[in-house]
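What follows is a set of structures to go through.
Same chain, two partners: chain A is paired with chain B first, then with chain C.
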Partner chain A sequence: MKALAARRRHPAAIALLILVGLLVTGGAYSFAAPKDANASAAAADTVAQGKTLFLANCASCHGTGAQGTNEGPSLYGVGAAAVDFQMSTGRMPMTSPNVQAPAQQDIKFTSDQIAAIAAFVASLAPGPAVPDQQYTTVIEPGTQENNEAIARGGEIFRVNCAMCHNFAGAGGALTRGKYAPPLQGIDPVHIYEAMVTGPQSMPVFSDTNIKPASKQQLISYLHAIENRPEQGGMTLGNLGPVSEGLFAWTFGIGILIGCAIWLGKKAA
Partner chain B sequence: MSTINEERPADALRAHDAAARRDHEETRPLGGIAGWVDDRTGGTKGVSTLMKKVFPDHWSFMLGEIAMYSMIICLLTGVFLTFWFIPSMTQSPYDGSYVPLQGVMVSDAYRSTLDISFDIRGGLLIRQIHHWAALIFVVAVFCHMARVFFTGAFRKPREINWVFGTILSLLACIEGFAGYSLPDDLLSGTGIRAMNGFVQSIPVIGSYMAYFIFGGAFPGELIIPRLYSLHILLVPAALVGLFTAHILLVFLQKHTQYPGPGRTNNNVVGYPFMPVYIAKAGGFFFIVFGVIALISAVVSINPIWGYGPYDPSPITAGSQPDWYMGFADGALRLLPGFLEFVAFGFTFSMNIFPGSILLLPIMWTIIGIYPFVEKWVTGDDREHHLLDRPRNAPARTGIGVAGIVLYSVLFFAAGNDLMAIKLHLSINDITNTLRVLFFIGPPIAYWITKRICLSMQQYDRDKVLHGRETGTIWRHANGEFEEIHAPLTPRERWHLVQQEVQEPFVVTETTDAHGVANPVARKDQWRAKLSHFYFKDRVDPVTPAELEAAHHAHGPALATEPTETEAAETEASEPAIERH
Partner chain C sequence: MTEHENGAPAQSTDLAHASSSGALTTRGALPERFENPGLPPHVYRAADVEPQAAKHAERQVATLFALSMVATLVFLVTYFAIPEESTFFFPGVGTINTLHVALGLSMGFSLFLIGIGAVHWAKTLMPDHEIVEERHLQRSTDEQRASAVNVVVEGGRSAQLDRRPLLKYTLGGALGLFALPFAFQLVGSLGPVTVGELKETIWDPEENDGKPIRLMRDPEMTPIKLSDVTQGSVFHVMPETLQKYLDEGRHVLEAKAKAAVILIRIDPDLIKVKKAKDWSVDGVVAYSKICTHVGCAVGLYEQTTHHLLCPCHQSTFDLTHDCAVIFGPAKRPLPQLKITVDDAGYLVAPEGFHEPVGPSFWERAR
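Here is the complex of A and B:
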């Protein structure tokens, strides 16, 4: 240490320090940076194909450079996850201008085409990528560890999601005709992507807000409650007391009044 | 060895006492167990009166029965639930059989409700019967109230019973709300949180009241035990007590009946309690229990396991109270936020207070005093045991429908979010529309209802004068077409001509002999104005003279009318008439 301390004012020290700093940063980056195994001709082709598809199908609203227009937002930094979510659930391309893009059964693009557009949009600016399978695999109930992970996911769901999507994921209303859609029967990948990209009116739940492992627990909770038998019978849409009140006022009292009329008509 | 029944010499002096006792033994009305009970209670006379009591038969009189039976079902199933429910807010991790909650911290109240639902045999069914019966109880109470209102059954001598009923309906809602708050799931906790906010919105004393009720800051650990005491002890006792008085008055005052031939203000036409009514009513209890049990077996209600345990940070979309508190929730949703202001260092939450706290006493006071207002306007001090057909009291029916519309606007506002999703509408548009409807809906409803009532009366009048349309068209020799009208039988006609029509009250003297304004007359002027409002539009029932004239105008009747004796014979099928 003494020898190093003695040379710290050497004219070459500063240059050496900068060199070391650059090497460390660059080296660390090369390890941390998202890599494509065949980051060469194939990737470039995908991006080019994506660009062609983009210009043909998306540019009229999002602009030829994805910079956004009055009709649609800029796509810089939305990442591949946003493209995959919006297009694989049929929300994009939007069928008609409205307050919100509804999910559709009829998907207009193949998964390869969607991946190409996603690659093109991701090439414009960094953004969240399509999630790893590691975090979109559903935890099945069975062991105590798994059960508690699912229950933990339930707590995260109630704190962060239930205020819009309802306790059972049945969906809920937002202002001016917008709504939080139901969460039953949704691909785990899409739930994950929605959390990291915040589509439509939804806020972004980044990995800092909810860790990837917690997202996995949340997805597993939704899966678990969806696949449980309904102990109580018909759920009436899991919409809370409104549908129960409606049922009491229609079927409940209706059947009883019917019986009363029948009994009233009965001769003594 | 007993000496009581042995002959004593002195008995000879009281020989005729023994004869009287023998007489009593022989003429005793009942033998066996009933006689044994009668000897000790003397209840035969009262019970016999009760058993011979005549009740009129109509399905709408059974709405109150539905309410009564669902209340009894709630009491029975409620007892079962108290065996297992633990009204405590002490927290511990859940380890029961519902997997998606394992390891989550829950209160004893929530855990015991989960245990009732999943780990106690038959518990979920009983819980669902309890909840469905509670909802149907209040529905039936409101339907019964509407029936009593629209038929004018609240008139003298039944005003007190109307007030009892009004209080009962309020108690039913309070009882329901207390029960809804007990399981300590996310929904019920949100309800308690809302209640906490409502209490705080009371000007000046609100925060003190909230601390008083919750025993400190929200949520504390006291509110569920306190609501539990109210729910299983105080409110049910008040409900059952008042309900007993309610039904006792029905027995004392006798049941009202719809007008009809042979039915007067001085009799009741129907069937005796024993054996007919007791069988019908007893059977109906089992029908009600059966229907509610069936609903509870197939339709889920309040799936508390889905809501999760209460925790002040989460909230779920679709957080609404049970339907009977919905109108107050709706009022809150309609009240604009800008009504809140600060004055004298206090916050006046007029965006919350009127809907949450003020609305309930106002609504139930208006309902409770209505019979007295109507009595003041009509000045009618006679007893009424015959019901009005709603069309024959157009103003009252109009007021009732306007009230229902006002209530419904608030009621539907509580579900504005669900209407928005299910109907693909904007929640803002729905709220604004309902705000407008709150003001213009009731007058429009009043006007339309009154017009419909009047036109129905007019139709009745035409029917009496010209008979029923037969759909048979005759062509006369001169080429003229005519539809044949069949005259009504006296029995059919009775319903259409029996009502009395009141003229508006007119003030003649507003000053006394010396030209000084009379203060009593000023009150009368108010009465006259209201009377004008009630009775200015009216359709008089057909008089016998008019009927006679119409018959002459139509020439000889085409169908033969039954004679009065024939009509009376058809009456004979009514088996029992009880005179007052």
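Here is the complex of A and C:
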């Protein structure tokens, strides 16, 4: 110790001291901070922000820990996709208790807020994520290859979806006031999310059932039939015999009755 | 005519007597017979009395016919002039095919204008005098009837039918037998005599040389692993044996129509019936998708209530109670398909259906 103290004024001492100081500081910093320090801090912030929003807007029905109550189901494992679907289409938060949450035009949250809540719910348990843009991009008809993909999507749609959502995606009735909503004019991302999460009455069509590429074909089919010209003229909502029968009975028979009255009227 | 005029007053008198003996007599004396008011006086049309108006009506009719000709010419021209793929936007309807609209409207108008032209002609220019045509008696006189019978009897006698009964019976037999082909076609077209086909599906292991049959996704025809069927999932399933029919391209629809199966994963604790649980794997159950009412595809599954709804007549089946009918006209639960997992982890049906799928038929129980 005395020897060290005696050499403290050695010309090399100051340089050595600076070197040790730098090493300790650098080492300590590299230990304390992970490599993606900024990203993680932001994600943690998002989850925290999401939790705040969740407690303020969702917890009254879904519980403070998203464990579910009598009013709303547990959100463990529903994933970010479910939150994004339900909130971006205006279904959640529900305005009043009902058999089914209807889609609404008035979206109460910004996409950042929805993403924050989704991040919070996704942090509770693993679940389907918001789909990759690769599979929610619509295949446009035109080339032979694209047309075949769209036709394939139509086949998958008719087997898996058409019984509830109607052959043209016009929607249909279920039991006790529930219904399958129309699929016209829906964001491809939301169609994808609905398939992987199975919102409300709808069952799940996970990626192990209908592959992501097939889902893309299916979405493209819906897009294609929505934009195709109507070869037969007025579709009357694509509801089949109900609307067509109503039209024929009111207008068709109305015109026939008018003609019959004119025929039977005396000329003078 | 004279007969009728004699008869009519007598009948009317009877009627008057009948009514005068009824309750109405209390209101005082009714006339013996009501006066026939006859036809209202004829009103002449403008075209009947004014040549100017007649000329005007003629021009109107001619114009309607001419317009019909124009519409027909429009039809002929547009048929060649408008390209098939041409479309236009019509407010309230959407984008529609120009050719179809032009052809439909022009043909409709060409026919409709002929029709209203003809009716307008009849109403304005053709004679409109009221004509009374008395109904004549339907019954012939006794002499006429007797002579008609005589013709038939005499004809039979002159053809020697009464003297040669052999001819009579062979002719009768030939004509009677000739009715059989018609009767056969009618009865034969009512359905197959053997109903075995109705009891078979391509899920029967004999279709696969006795081996268990893999469940395949419809329409992709790819096998399904147990791990693929996530909670709340619905798969629309066809048997592996359908591939043979698809490759041959024969009887595909008959095979598919009876083989359609819906595969659903629910919480195993929700399955209340022991048989249903025994025939399932980890809450994955498979049921025939063909409604037991009239055979529609029961495909509307509600994940929250575990109800399967048939879109045709709203028969509702409860998945948690072995697909028992809880609403609607169906009388029997959907038949369950027993499933297990093979060595490679794929879902298979080892036994096929234990009862005929789909709607009832006479011989079902036998």
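Operating definition for what follows: the second predicted complex is superposed on the first by the 227 of 268 C-alpha atoms of A that agree within 3 Å, B and C clash if a C-alpha of one lies under 4 Å from a C-alpha of the other, contacts with A are read in each partner's own complex, and residues count from 1 in each chain.
Assume a residue touches a chain if its C-beta (ideal position, glycine included) is under 8 Å from a C-beta of that chain, and two chains touch if they have at least 3 such contacts.
Here the structure is a predicted model, which is why all the values come from computation and not from measurement.
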{"item": "Chain A as common anchor, with chain B and chain C clashing or fitting", "value": "clash"}
{"item": "Chain B versus chain C, judged by how many residues of chain A each one touches", "value": "B"}
{"item": "Chain B versus chain C as contact partner of A:Gly198, first or second or both or neither", "value": "second"}
{"item": "Partner chain in contact with A:Val138 - chain B first, chain C second, else both or neither", "value": "neither"}
{"item": "First, second, both or neither for A:Gly252, with chain B first and chain C second", "value": "first"}
{"item": "First, second, both or neither for A:Gly171, with chain B first and chain C second", "value": "first"}
{"item": "Which superposed partner A:Ala48 touches (first chain B, second chain C, both, neither)", "value": "neither"}
{"item": "Which of chain B and chain C A:Asn209 touches, first, second, both or neither", "value": "second"}
{"item": "Partner chain in contact with A:Ala129 - chain B first, chain C second, else both or neither", "value": "neither"}
{"item": "First (chain B), second (chain C), both or neither touched by A:Tyr179", "value": "first"}
{"item": "Touching partner for A:Val242 - first (chain B), second (chain C), both, neither", "value": "first"}
{"item": "Chain C collision site on chain B, chosen from 201-209, 363-371 or 381-389, when both complexes are overlaid on chain A", "value": "201-209"}
{"item": "Shared chain A contacts, counted only where both chain B and chain C touch the same residue", "value": "155, 159, 163-164, 172, 174-175, 180, 230-235, 263, 266, 268"}
{"item": "For the chain C and chain A complex, residues of the former touching the latter", "value": "43-46, 48, 87, 93-97, 100-101, 104, 119, 123-124, 128, 217-220, 225, 227-236, 264, 297, 299-305, 307, 309, 311, 314, 316, 327"}
{"item": "For the chain B and chain A complex, residues of the former touching the latter", "value": "57-63, 65-66, 94, 99-104, 117-118, 124, 128, 132, 135-136, 139-140, 143, 186-187, 271, 276, 280, 283-284, 287-288, 291-292, 295-303, 305-308, 311, 313-323, 326, 414-418, 420-421, 424-429, 575"}
{"item": "Complex contact set, residues of chain A against chain B", "value": "99, 141, 144, 147-148, 150-152, 154-155, 158-159, 162-168, 170-177, 179-180, 221, 224-225, 228, 230-236, 238-249, 251-253, 255-257, 259-261, 263-266, 268"}
{"item": "Contacting residues of chain A [partner chain C, same complex]", "value": "155-156, 159-160, 163-164, 172, 174-175, 178, 180, 198, 200-206, 208-209, 214, 229-235, 262-263, 266-268"}
